[in-house]
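Handing you a structure now.
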Amino acid sequence: MMTTTTMRPEVLFGVDLDKPMSQQQIVGHNRWHPDIPAIASVKPGTIFRMECKDWTDGQIKNNDSANDVRDIDLSIPHVLSGPVAVEGAEPGDVLVVDILDVAPFPGKATSWGFTGIFSHENGGGFLTDHFPDAHKAIWDLNGVVATSRHVPDVRFVGIPHPGLIGCAPSHDLLNAWNRREADLIATDPNRVPPLALPPEEKNAVMGSLKGSDMQNAAREAARTVPPREHGGNCDIKNLTRGSRVYFPVYIKGANLSLGDLHFSQGDGEITFCGAIEMAGYIDLQVGLIKNGVNTYNMLSPIFRSSPLEPRYSNFLVFEGISVDEAGKQHYMDAHIAYRNACLNAIGYLEKCGYTGEQAYIILGAAPIEGRISGIVDIPNACCSLYLPTEIFERDVEPMKHSVSQKRQVAVTS
Amino acid sequence: MMTTTTMRPEVLFGVDLDKPMSQQQIVGHNRWHPDIPAIASVKPGTIFRMECKDWTDGQIKNNDSANDVRDIDLSIPHVLSGPVAVEGAEPGDVLVVDILDVAPFPGKATSWGFTGIFSHENGGGFLTDHFPDAHKAIWDLNGVVATSRHVPDVRFVGIPHPGLIGCAPSHDLLNAWNRREADLIATDPNRVPPLALPPEEKNAVMGSLKGSDMQNAAREAARTVPPREHGGNCDIKNLTRGSRVYFPVYIKGANLSLGDLHFSQGDGEITFCGAIEMAGYIDLQVGLIKNGVNTYNMLSPIFRSSPLEPRYSNFLVFEGISVDEAGKQHYMDAHIAYRNACLNAIGYLEKCGYTGEQAYIILGAAPIEGRISGIVDIPNACCSLYLPTEIFERDVEPMKHSVSQKRQVAVTS
Amino acid sequence: MMTTTTMRPEVLFGVDLDKPMSQQQIVGHNRWHPDIPAIASVKPGTIFRMECKDWTDGQIKNNDSANDVRDIDLSIPHVLSGPVAVEGAEPGDVLVVDILDVAPFPGKATSWGFTGIFSHENGGGFLTDHFPDAHKAIWDLNGVVATSRHVPDVRFVGIPHPGLIGCAPSHDLLNAWNRREADLIATDPNRVPPLALPPEEKNAVMGSLKGSDMQNAAREAARTVPPREHGGNCDIKNLTRGSRVYFPVYIKGANLSLGDLHFSQGDGEITFCGAIEMAGYIDLQVGLIKNGVNTYNMLSPIFRSSPLEPRYSNFLVFEGISVDEAGKQHYMDAHIAYRNACLNAIGYLEKCGYTGEQAYIILGAAPIEGRISGIVDIPNACCSLYLPTEIFERDVEPMKHSVSQKRQVAVTS
Amino acid sequence: MMTTTTMRPEVLFGVDLDKPMSQQQIVGHNRWHPDIPAIASVKPGTIFRMECKDWTDGQIKNNDSANDVRDIDLSIPHVLSGPVAVEGAEPGDVLVVDILDVAPFPGKATSWGFTGIFSHENGGGFLTDHFPDAHKAIWDLNGVVATSRHVPDVRFVGIPHPGLIGCAPSHDLLNAWNRREADLIATDPNRVPPLALPPEEKNAVMGSLKGSDMQNAAREAARTVPPREHGGNCDIKNLTRGSRVYFPVYIKGANLSLGDLHFSQGDGEITFCGAIEMAGYIDLQVGLIKNGVNTYNMLSPIFRSSPLEPRYSNFLVFEGISVDEAGKQHYMDAHIAYRNACLNAIGYLEKCGYTGEQAYIILGAAPIEGRISGIVDIPNACCSLYLPTEIFERDVEPMKHSVSQKRQVAVTS
């Protein structure tokens, strides 16, 4: 008889929330580098649990001041749990990852999360010119439901996911990243905020690497902020429980790492620290498709969505085009178009009684959808933002009833 | 007793498919201008029908040659039906429009649509560097289902909608459009394709305007290609039957016009002529919210989504980042990121046996979703493309069964 | 080149709404019998249109009196369009039917439907002891949306479907039906209303059968009221546009017939004439699976649901158990349990300002779901009724906001 | 500043899985009686956790023998956690319960569940005449996903819920239950299995009641098997995380109890022990609507569905009518109709390679939907069973591809 005990999640990576990542019993990492040794190796088919600190390594506290968001040290994030090697994985294979669970740690002290608006000085968020100052909202996470003492009359079911997950790059891939990002930085090297973040030895945490190995690796290791072709910090909210992700493998063992758990997020994660950020755990099961990269033309991760997402069905949708706030026409700029859609939604929510910051936080944290609607109609891209009305415990629909009554008595001439 | 006859759709605007828009009994328009007279005026509450030619005014035929797509005269589109005035509407009001139905004309000769890949010479589509030549697919529209003799093993339920709908601009708004678009063109006036389309008197159709009034208006009237803050050519597939749209009103009477009906469309409408384009009709009911623009901060249209959309639930999702095909890093460019997501999806579908052009057409025409996933993680925007697997009558999932069997026999060490 | 014209819906069966079924150019039928000749024969793969009268053959009018419902002649329904033979179909095959479209006839005089509460004298509805008198609501059908001057503040998207569809029975199957229903009637032959309806020669319409052939067939032909193993009057709302139905074939040619079109319906169709009944058309495509009955153990129809249903997501759910209104305990009686769930919903809606009859009609006509929840917990079956709150334009949720505010200030002791 | 610590779930009721309910530190109950003292009292607004044993009090083991199911002692279930009193609750109020989380206990030894087919001797399930012998399937519960070594190629996301939850009855209500159920039993007192279960002193667990109080209460306390108007053992799968339930209050304090946690269930829970039964915990938040029973006509619980349910979209649907297996016609019997729908689905799944018992277990445990379709068309009720095809990792659709290809080459004559 087959025993079931082999199928239970084993904690491969545990964390002590009172210690920084660099002092954990098993040390994770906060840079991408192929030489960071795996913390464990598992066979295909294994189910295991990874515990994670929040992406800032505990810099943000459950209180009512945003000073911690303002003063965050950005050389520390994202602290990642892993890497986990998978037996038999080789470059060109595809690593299949079933996401089985994502949740905050249970208990009074840990079932909370935060959404931060970054201040302009440390990079800001998507709307930093409109919201230059740091703000913070603390969310209570009760089972599947999020509420916040800082955002009244909002209550929704989260869509928990890892903001950041991917396999280690090969040396070649790492070099390509560094080269292309350096080229970009070189176009405006003194820009504040910078165009991209170069490797940064300070505060690098490199797993079990030591001494000169560690220093050499840290000098060239990639920062974790951007998503890249291996996945990484994609911040795709739909990588939730029940989804299956296919990752290209670049080095022997695959070396999967992850972190930046979110209890929920709106598409775009627009406040930068924009999801409901949390510490917690994730349960995974891994498999392999040998030579899958070539079989499926898999140049970057593909995933199959989950049947278990919050399915709100009544949306108010806001549109934006690529004309900037000064009225200047830009050419097919989906970035500006989505910014306008966000600003239009915020302007609307202000009429519903929210402050701009609260509205901004709602768009970053709740399961809103951001869509590329029209992207070929020169010169304007059109993006749209889908706001589920069911997350509000106040009425946010435009004159729902009175319009309708007016329409009932109207007749044609 | 109240009679129901006042509630039936009256055809306010009819079309003869054998005649160009300029020769219809009631002439529509193909430029935006506040002076184009309304073709009818209705009271709030009225339900009415508008018939529409396809956006090209009938230039594309139901056959197997793409020459008509290649040779299209772009000074003609989009031919619009309207404007319809609403009694009592004044600048600052919000026009409420319930979309009740959108469908092709019934009958053998008319229940079809087309998807075109534009050739590079006349602007091309979103992936024109990869697909520079004109292609065309003809779709059979049978009830709610679309199939194509040019795209095998694809069968899906459409999401019919007007690609283009909005109220007439005021003179001030029109001037702002012309000024900002001229400024953009001036940055590279000889570019092919152009950055934007200036007013074009040739082939302008201006409703019932005549003589010098017509000529003067045509010289400054805005082209219909881009979406703008009044809505216009938004190509938002979710403006489907059952949705309610709120439009800002800029001139007395509101003057609502529409056209460019689509039987279905993927987000982005990426082949340019990328939806399933069709002639057909749309049924609407209108209402008014007096002074709604100010009440709701409504700087551009807002809509409430419909409960009646095709709801596929099993998606394969492709990711893209803002690194271009040459490996160059771009800064937060959602345009390039979405292009990569599209290319990744096409590369995958080629492994499923489709040609690149077929895959491109599928992404443009089927109800795929294009999402802005991460838009704050310098330097990479991350966009994602959600492809419903249920539209395929061949298996497109990566090794669904064999992976799973492998995982069942695997055990932890 | 393949021409598309072969794929367009041809009207195989047309109706003149001003004439009874017996006087149509092509006469349909209102009884089930294997000898009724097919009105046409089509090859597998054919797409065709069937026009239908409403199930009562036009006895109900668009006015504000329920006398027509009260006085209906029940020997006439259901008038069916067909039968259509499929070439090559033989007993034991499975007929595959794609439902492509279902809609009312366009135009002022025809885009309406009715919901009737039957009076106790002619059978009554599911709650006839509570609502013994005839009532009627007329619905305006505008595109995909239904509203009624008789049911205020209700507005929803319909789920159009044929209430009745199936293949002709073989002689053996017909005999089995007649035998078992006669046995049931014989247990209480004088019951009012009767337990079942025996064959009835009066008012039988038997297609093109004439003379003694017609009389002989009419004497033994089965009534159309009940659903049976061939499908028939199943009143399954989910047989809507986009679904695919698999029917067992009992005679050569299959002989598919259908009628009783509904614009919408709640599960159970509880007012008897409980859907939104309408005249209209249905577009179908047929296929064959040879010997499918045995291959798939298909003892009665199977269907694949459509991706295009109205998807309301916020439901109020009412429960019922098998204790009757007098407090008497019944054993595992899902009928009584569902009746209680319906009564509980009606009691609730009365508190929202609806009359009992209006509430009853809403449950019959709107897309509510009726579920068998617990069916093994002696002695009570438990059924539940899912009422979508989004169909109401008045607030029907219990103290949504005030409860929530109360909960926010509460603290644990 | 408001502290968040008051909002964290406190464990009001803990369980030791190695001890029977009668020996827990806080003793729950397995009968309904108003005199069972509350184990705690909370203010409205409180969030708290209740731990639960599985419904059988641990009689079923994680092994491959069904002997434990066969030999179960049915005088023990259902063991319930509670009652919890709510301050201020009085008869006629409505208790509002938000279900925040339901999950198995984490860890190797506890993250599993079972589905049992009961043998005919101890009552059997819904299809006991077809499946008279005991069977058992063990499910591995990994995060949100269930798989079973006893049911190959099935993998689905659960819909966790309490099978049993409700407020304590008043003495009057209890008496009414006992009276009506005794009346039913008296109609066939020696029936095996019995028509209903009378009060049973043996093995009664009555919370902290002692001595003669306990004995007196046990003699009249209601068994927990049936759902009743207070809710109780409703086995409604949609009472899942994110739903809000409104319960009538019958006694001071309301005294809410619950248990019988399910990781998943099909509508009807047809194998009797038909859900995925588990031990685990549930997190709740409670509120009050004073005098709500009268305000809302709330004769039995009402709930608002959750936005977080597994949303499979592709269903195969099986129909059943009220003709029994011997061909006998029954009058409007939804019980028999649903049984036929279940048998038809099982017959189909047998053709897909499952044993009858496996198919039966799938229908009981997976999130299938059971619908009352037609319930007014004499003499046949029609019920339907919606089987999501996406839960299978083998192809279960009827000739999906070959049928379709056949249709493509077919043309009309």
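Labels A, B, C and D are assigned to the chains in the order they are written; within every chain, residues are numbered from 1.
The rule is simple: a contact is a pair of C-beta atoms (placed from the backbone, for glycine too) under 8 Å apart; a residue touches a chain by one contact, two chains touch by 3 or more.
The chain list, named the UniProt way, goes like this: A, B, C, D = Formamidase.
The structure displayed is predicted, hence computed values, not measured ones.
Chemist: What chains do subunit C and subunit D have as common neighbours?
Modeler: Chains in contact with subunit C as well as subunit D: A, B.
Chemist: Go through B-D and A-D and name the pair with more C-beta contacts between its chains.
Modeler: By the number of C-beta pairs in contact, the winner is A-D.
Chemist: Taking each chain's centre as the mean of its C-alpha atoms, give the chain farthest from subunit C.
Modeler: Greatest centre separation from subunit C goes to chain A.
Chemist: Taking each chain's centre as the mean position of its Cα atoms, how many Å separate subunit B from subunit D?
Modeler: The computed centroid separation for subunit B versus subunit D comes out at 48 Å.
Chemist: Where the CA atoms of subunit A average out and where those of subunit D average out, how many Å apart are those spots?
Modeler: Those two chain centres are 37 Å apart.
Chemist: If a residue has to touch 2 or more other chains to count, which residues of subunit B qualify?
Modeler: Those would be 47, 285, 307, 311-314, 390, 404.
Chemist: Flag every residue of subunit B that touches subunit A in the complex, lowest number first.
Modeler: 6, 10, 41-48, 87, 94, 96, 123, 125-126, 176, 180-181, 183-184, 193-197, 225-229, 231, 233-238, 246, 267-272, 274, 285, 287-289, 292, 295-305, 307, 313-321, 323, 327-335, 338, 340, 344, 347-348, 350-351, 369-384, 386, 397-399, 403-404, 406-413
Chemist: Which of the residues in subunit C end up touching subunit B in this complex?
Modeler: 1-2, 4-5, 7-9, 47, 62-64, 98-102, 107-108, 111-112, 138, 140, 142-145, 149, 156-157, 241-242, 283, 285, 306-312, 390
Chemist: Can you check the complex and tell me which residues of subunit B touch subunit D?
Modeler: Against subunit D, the touching part of subunit B is residues 152-153, 155, 311-314, 390, 393-394, 400-401, 404.
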